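Two complexes, one shared chain (chain A), two partners (chain B, chain C).
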Partner chain A sequence: MKEKRLTYLTLIPTAAVFLFLGLYPVIEAIWTSLNKYNLTRPWEGKVFIGLANYIQMFSDARFWESMGRSMQFLVVSVGLTFILGFSIALLLHRAKWFKGFFRIVFLVPMVVAPAITALNYRFMYNYKLGILNKIIESLGFSRVDFLGDPSIALWSAILVDVWQWTPLVILIMLAGLEALPREPYEAAAIDGANRWQTFRFITLPLLNKFIAITLLIRVMDVMKVFETIQLMTAGGPGRSSETLNIYLARVGFNWFEMGYASAIGIFTLYFTLFLAWLLVKKMGAFSEVGESIE
Partner chain B sequence: MNKKWFYLVALALIVGIIAALGCSSSDIETGDGVDRRAYEGTTLRVLLKTGYETEAIVRYVDEFEKATGIKVEYEVYDEPTLRNKFILDCTSRTGTYDVVATQFWYMPEYLRAGWLEPLDDYPVDEEWNSISHIPEGLLETFSGDDGKLYSIPVSASGGVLIYRSDLLEKHNLNPPKTTKDVLEIAAVLKAKEPDIYPFIGRGDSSSASFGTSAGWAWAYGARVMDENLNVTVDTPEMLEAMTDLVNLMKEFAPPDQAAIGWDVMSELFRKGDVAMNFEMSGFPSVYASPDVSEVHDKIGVTLLTGPAGNYAQWMYAEGLGISRFSKNKDAAWLFLQWRTSLEVALQEVKDGIRLDFPDTRVYEAAEYSAATEGQEFFTELIPDILASVDPAYWPGIADFDRVAEAFQREISLAIAGNQTVKQALEKAQSAIEAIVNGN
Partner chain C sequence: MNKSLLVKNLSEMAIYGCLLLYMIVAIFPLFWLVTTSFKPPLEVFSTEPLGLFVPTLENYNRVLFNDPFPRYMLNSAIISICTVLVTLVIGSLGGYAFARLPVRNKESWFLTILSTRMAPPVAFAVPLYLLMVRFGLIDSHAGIIAVYIFMNLALCVWLTRGFFQEIPPEVEEAAMVDGCTRFGSFVRITVPLAKGGLIATAVLMFIITWNEFFLASILTQHTAKTFTVHLTSFFGSRRILWGELAAASTLGSLVPIIFAIAMRRYMIRGFTMGLVKEK
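Coming up: the complex of A and B.
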């Protein structure tokens, strides 16, 4: 009984910090989302309007367009980083030499601040000055209008995200591969399993937890992407690369419609949490290693 | 003997005291009765925007600190960040910032919210104060409906066409005088100079590029909103103006023109990849600087008129204002006067920071003529540029940012080839109407 009380007592500081830093801003944002509140009209103050901001959001074509682009970014970027990262991790796992060297090399994109990456790529993508187009041209192809062509701009931003975050997938998956037990492989070899069967029925299930955690981190990361797009295209040309976060920032920090921005923010928060819940629940991100193999 | 020494020491003391008093009084009151050291020990926090307006502060602020004993802590941001910080500071009424750089297009928003301090009633430091030497029209841009001044202008620009004089001479082309000339010269250069882009401007979808489209349109007699704030985007004049501009940008500018803002535009011109650039008149100073430009000695500048007989515009003006919530308003006022003084302006000229100033005395100074020798191609045009500025074309509303973004977004898509100019203008018309009507 005494021990139980002590446990609760030691939890108090953590709970207090969580309430203050985690819960309070969310409650405040929910309250703001129920109000009409524009910072550049201070004389109007906060006017309670119930769910009007949410009703406006669901009937706002621009919101749905930006949501669609966010989903495109999410699916393509998470998919590509995962496939590329996992493939490279498998290769590195088998490699006998330079494993340590490549691990360091792959850290480089991750340690560069996203804002610096975006600014660099902005110039690298430039039609006339950019090094990428110079390389493309030297290979005999015609230059690509990476950021000026509305049908390519968002893909160009996705490519930067893939470049920056594939190494994270490599590192997590490589750590997972190296932590796998030897026994199931030995048993599989005795049973005559081929490489594909070993990979499909042993490696993949054993790595399930790592895969789920990787996807969880990537999904949450992608749902937060802002600097990459803002600094490279600012959502343009037109609105061709305007994702949910770019639209949210525009509503909140260009137009200062804080009520409506809060509604979009709350929606984004709960949508991201829903995706995270799906991964945790369906893929068992926090289950025991090997649980899924049984 | 002792008496003699006593008188000598007493005399020396009296002379010393008088000298000391004399020195300190001249140190304190160099501003004709204004005690410049009255706020000694105060720390001012100044919010600035990147650009040549800020460079002088960065370089010379020590002199202000020495003269006044006021410490200046400045923060420099891009324009949207600066606006965000100022608005958030004013909303929370914390008064973190004493002085803020004010872009003229945000003045209606700041004044509507009452975030800037009126400057008319502060005591004038005759030596530093330059307000009486700034053109009345420019002062009005920074004044409220109450007639009071809320910011001192630091810079003022009009619209110009900057061109590569060597290329025009090479092909026996006269500098363009009209928007039609620009289209014709662009066509000639495209045929004869395949490695050069004939034209460039700001074409991206941000509100920072709105000035290019709106300013070009004024040459055709078109504007986004009339004086009664009716949206006038779908007029035949606007269609003609934007058809020409979009055509210039689609046919004669770099293929990624729809994503180009001022920074890439400037980079391409300075590298010598572009023949003509329609921009604000702050840019020729940069393009003519040998430190940053590969074409510094091959530049010409001209004004453009359009079918309506109006000058094409690219109006920009930046001032310095005092936050209504500042706790150091008097010290801030002293800073504003120092920054806009003739003394600082001439130092800027001498150090090659810029060539155009709102203070008209600068152009009459011998230092100006000496420092701008060889750049007469631009300096001789400055009075005409300032006279050409016509604020009538600008939508002077508090929701400027939304209106500008709604318009430029559609033009940018037309430049990218995703829609026709007519479609772009129709969409912009309804989007801006919705903003103005509060939907």
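Coming up: the complex of A and C.
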């Protein structure tokens, strides 16, 4: 009885914050998304228009294009960070010295503010004077207009994201490699398995949980990417690097179309949750994630 | 015998070669940032290696004494510290409940909490903005702190829960036999034992809050503006003050980097919501 009361008392503050700053805004956003509501024309107020914002969204070419770029960003960035990060983790696992040192160095890119990283890359990406182009030129290639060329800008942003988050993948996978049991490898050696077979049939399956966690965390983080694009290209040139988040911020805070922005926001929210759910379910990671609950 | 030793040495050298190459790529942008911050304003784009330009503190001098930057850095510090303290109190109570007390539907709670960690802040921005407008909290410390508390709470509950679970319940039970209440034993026994984990959680939340840009850029203007938002003001209408920007960025990166290195044992655990524990 007393325990029950303590449960409530300890959970009430958390629940209050979630209700007031989590649930309430979502409900407010759902309601706003059913209205026409432009803050630059406050005299019009909120006008209920039913699902018109959602209908507009699904027929909005610009929305679908930004969605496509977000998906491109997602697939390329998650894929590259995973392959690169896993490879380096395998190397680092075999290294004998300086492991602790590498670990510390790899922490740095992910704890520097994304805003600082974005502005710093903007400086290095500079077409005429940036250090990257100077390196490229000194190697005998022609300069790359990283942020000014519509066919390259999004890739430049992806590259920054890869730079920033590969270390996280390295450190997660390294934790996984270090937790591997010895026995299966001894058994495989006795059975005469070669290196590839050992990797494919022992290491990979044993790392399942860590792979699932890595992908889950990476997908969540990529869906949040904002500064990296906003502060380097602001979605440009033209709209060539405008992802879903950038478009959403533009509708909401440049045009102040709160109704339409809410509709896109609700869509983005549930789409992200759906992606995570899919990952958790399909990868069988749920039992693993669930295990760590209890 | 000799040959296999040679192969072994070669492969070892290859491993270190790759690692070294990657390390240079990982660290170069920050090296360049710091270098730029010490260059004279007219030479920010010069590629002359270190030592060939005369390092100057001019950029730091301007940023610290001829710019409101220190004020916004102080804002960032105040907002981050308040956020961390409040979140830690609320979140560790919640974490304790999940670790020790009977909570119904733990799994659905987990998914709810995970979902707030997953949701892009941009998706929450519109309703949060409208909420802050309604309560007159735009550009106020209280407003942005409230939003940051919400942003960090899920992480805090989840991490502290893990740290509390690592303490054997018997310790608390012993205290209760000696006449402590359940809550009393939590405050006097469990919290001090979990001190390391709680500090790590606080540091991680501090880094996240300190680094935040998007929500601060829409919810603050002058009074509560944070340093990350202020960085964009070095983009003047006529020219970009790259030197000053680099100096301000270097100063703004110091705290998170030092904190992360000090708490390196816990960083991966924090970044993965406690799903991965390092030794």
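The rule we apply is simple: the second predicted complex is superposed on the first by the 268 of 294 C-alpha atoms of A that agree within 3 Å, B and C clash if a C-alpha of one lies under 4 Å from a C-alpha of the other, contacts with A are read in each partner's own complex, and residues count from 1 in each chain.
Criterion: contacts are C-beta pairs under 8 Å (C-beta built on N, C-alpha and C of every residue); 3 or more make two chains touch, one makes a residue touch a chain.
Source: prediction; values computed, not measured.
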Chain B versus chain C as contact partner of A:Leu171, first or second or both or neither: second
First (chain B), second (chain C), both or neither touched by A:Leu21: second
First, second, both or neither for A:Ala153, with chain B first and chain C second: first
Chain B versus chain C as contact partner of A:Pro42, first or second or both or neither: first
A:Ile104 touches, of chain B and chain C: first, second, both or neither? second
Partner touching more residues of chain A, whether chain B or chain C: C
Partner chain in contact with A:Leu279 - chain B first, chain C second, else both or neither: neither
Contacts of A:Phe253 with chain B and chain C, given as first, second, both or neither: both
Which superposed partner A:Asn126 touches (first chain B, second chain C, both, neither): both
Contacts on chain A seen with chain B and repeated with chain C across the two complexes: 123, 126, 129, 253
Sites on chain B touched by chain A in the complex: 80, 84, 87-88, 90-91, 109, 112-114, 197, 204-207, 254-261, 264, 267-268, 271, 273, 398-399, 401-402, 405, 409-410, 412-413, 415-416, 418
Residues of chain A that touch chain B when the two form their complex: 39-43, 122-123, 126-129, 143, 145-150, 153, 233-240, 250, 253-256
Interfacial residue positions of chain A with respect to chain C in the complex: 2-4, 6-7, 9-11, 13-14, 17-18, 21-22, 24-26, 28-29, 32, 88, 91-92, 94-96, 102-117, 119-121, 123-124, 126, 129-131, 134, 163, 166-168, 171-172, 175-176, 178, 210, 213, 217, 220, 223-224, 226-227, 230-231, 245, 248-249, 252-253, 258, 261-262, 265-266, 268-269, 272-273, 276, 289-290, 292-294
Touching residues (chain side chain C, partner chain A) in the complex: 12, 15-16, 18-19, 22-23, 25-27, 29-30, 32-33, 36, 45, 47, 89-91, 93-94, 96-97, 101-103, 106-107, 110, 112, 114-131, 146-147, 149-150, 153, 157, 182-183, 207, 210-214, 218, 228, 231-232, 242, 245-246, 249, 252-253, 256-257, 259-261, 264, 267-268, 271-279
